[in-house]
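Just below is one structure, and these are the notes that go with it.
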Amino acid sequence: NDCSWAWDDHYLEKDNLWETIREEIERDCATEPMLSSFLFSTVLAHATIEESLAFILANKLESTVLPATQLLQLFHETLMLDEIRAGFLADLLATYDRDPACKQYSSCLLFYKGFHAIQIHRVAHHLYKKGRVGLAMLLQSRSSETFHVDIHPAARIGKGVMLDHATGVVMGESAVVGDNVSMLHHVTLGGSGKSAGDRHPKIGSGVLIGAGAVVLGNVRVGNCSKIGAGSVVLADVPPRHVAVGVPARNIPLSGISGSSP
Amino acid sequence: NDCSWAWDDHYLEKDNLWETIREEIERDCATEPMLSSFLFSTVLAHATIEESLAFILANKLESTVLPATQLLQLFHETLMLDEIRAGFLADLLATYDRDPACKQYSSCLLFYKGFHAIQIHRVAHHLYKKGRVGLAMLLQSRSSETFHVDIHPAARIGKGVMLDHATGVVMGESAVVGDNVSMLHHVTLGGSGKSAGDRHPKIGSGVLIGAGAVVLGNVRVGNCSKIGAGSVVLADVPPRHVAVGVPARNIPLSGISGSSP
Amino acid sequence: NDCSWAWDDHYLEKDNLWETIREEIERDCATEPMLSSFLFSTVLAHATIEESLAFILANKLESTVLPATQLLQLFHETLMLDEIRAGFLADLLATYDRDPACKQYSSCLLFYKGFHAIQIHRVAHHLYKKGRVGLAMLLQSRSSETFHVDIHPAARIGKGVMLDHATGVVMGESAVVGDNVSMLHHVTLGGSGKSAGDRHPKIGSGVLIGAGAVVLGNVRVGNCSKIGAGSVVLADVPPRHVAVGVPARNIPLSGISGSSP
């Protein structure tokens, strides 16, 4: 990642991740017996990270009319697909890397609703592309209710994406988000008001979007740019610029290093 | 509807709506067997749209200390009242009409938390007017927890109203919303800081309010006006104007056709 | 409280609060039989306000993998601690005092998710200081899912704090909030982008923060100041000033009495 805002990326090899998470959880069980049954059922009882994540997500999305057992199998099968697995592993590592409040890999797996919401979207997007639109919409709806993140299943999201805090994030049908994007809570990638077609933002790689920013219409935000908290972006943002204000104006990132949304 | 922002209104006759929804759901059951028990229990098992909607809402609002069976009867009885029925039918048609991502009538009925939250408000408002304030407040509270929409039961809301995405919408005690209003997520119709009395906004018919807009105090927003995303409105907006900025300034809609919050 | 925005503070003595709440609930049971089992299980069945609040919170935070019985004992023990009890009693009185829509003490106890979220934070903060970080993070996570309020367990919050509507409130690891602070929904006390250390806002006593305001970085907001709705605050706000705009500018409160975020 060559964007100036990036934190250190000397992170764990993906192969060791599941082993490291189990070690973290075993330590937590020893120091906090009250959590042991919770940690056993969500992590230690499972053979793989895909199985653990499927169990966690299925238990969060189940409802009276939608039993966890049905969801569990669907999630497990889908999370095992190479592209989906690569996506959720990169998201988990990205969150650990970028969020200074995330001190264990297992914290992201167990506790981050932004991480959970993206993984539900990855499953929903896969189903949507296969024509299983009703099931995809049900997952979108339950994710909006459970995690307060409303992403249309047609939206395309890259790898290594972090939704920090996540409450109120909205992404429309034709939105595209590149790799290594971070966004805070209350971010909207919304429509232009056109009644159909390509009407949502295209976010480049390595972009950072501050809390409460609203990006509207089929605009392009260039690689490695930032959008300031509370900004309203209605036009393209070139690469390596900061967009700030209501409506936003673009300022080159060079010369304002150290700033942050 | 004579507002310039309105989409096509050649929509389904209300009489055919329930029949059409059942046909959509029967097709969905055939193509997605995994959904069949969910779709049967929420739609096909019911004789009327009021019974189906009551079942859907009761299952979403129930909790350990509040069984669905109690809520089911209350919702069913209230949704059968002429004024409430006219309200929810108009909201459903409005959402189908205005949201390009809503491709079936049944999607709104099953999946749109903004639609669900307004219908809970319609029930709560009816109870509140009858003096059943405690029950109305319980519904407000559960709706805020479940749908992330916090509408005081005294607020008055017209017909054909759409809350798109809906997360974080707040409307105060003396707020009034006209017919055919659309609002995006994170919209606040908030108080002026006065300790009591008439202190919340009055929104005219056909108004469109963009994501994250905050309207504060006993101000009037005229018919067919728009409020831009992220705007803070502290004064009246005349009819057919756009209010944009922090604080918002008013611009006549004539001459800026095609723009959208 | 000597801040100009404060409402009347001739409120109930704390000693009478539980007795008053039980009287309110007994009246509600008589007028609304449909609520009687709900009101009995949440309030009347309990000997003390701590026991009632612990029951309410445990039932809201439980999940398939986290039974209410375990949470109940933990919450009850912690709410009995002098400092925690003083905090939640002051918050309850503050909400009754400041929110004109709150007409009974019991309404806050039963229905206000902002009140519930602060009390979960008080428990989580207590556990965090004792080194029980995993349990504290679990409570933060469940509170974010259930109440849509994401407060890091290390954040320090004073007494008499009200989160009105509360959806989307976020407070980071090194945030500090003084006594008698009120904040509306969608308020962010966020990080400066530094990767660690003291990077979140310090909010003085008696401050009022409007809906959707974003305060970023290790800045100080002075006692009795106000932050306008939708403002983005990136620098210190002196005592008795109003910060408004994106980015916010500071205006002395003297001379603009009567204004309100």
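Going in written order, the chains are labelled A, B and C, and every chain counts its residues from 1.
Assume a contact is a pair of C-beta atoms (placed from the backbone, for glycine too) under 8 Å apart; a residue touches a chain by one contact, two chains touch by 3 or more.
Quick caveat, the model's predicted, so the values are computed rather than measured.
Residues touching across the chain A and chain B pair largely diverge in numbering: under half of the numbers involved belong to both copies. Simply put, chain B must spin 120° to overlay its Cα atoms on chain C, rounded in steps of 5.
If you average the Cα atoms of chain A and of chain B, the two centres end up 28 Å apart. In chain C, the residues that touch at least two other chains are 148, 167-168, 186, 212, 230-231, 246. Those residues of chain C lying in contact with chain A across their complex are 63-66, 70, 74, 132, 134-135, 137-138, 140-141, 144-145, 148, 150, 152, 167-168, 170, 172-173, 186, 188, 190-196, 199, 212, 214, 216, 230-232, 246-247.
Of all residues in chain C, those touching chain B in their complex are 5, 7, 28, 31-32, 34-35, 37-38, 41-42, 59-60, 62, 68, 100-101, 107, 110-113, 146-148, 165, 167-168, 184-186, 210-212, 228-231, 244-246, 259-261.
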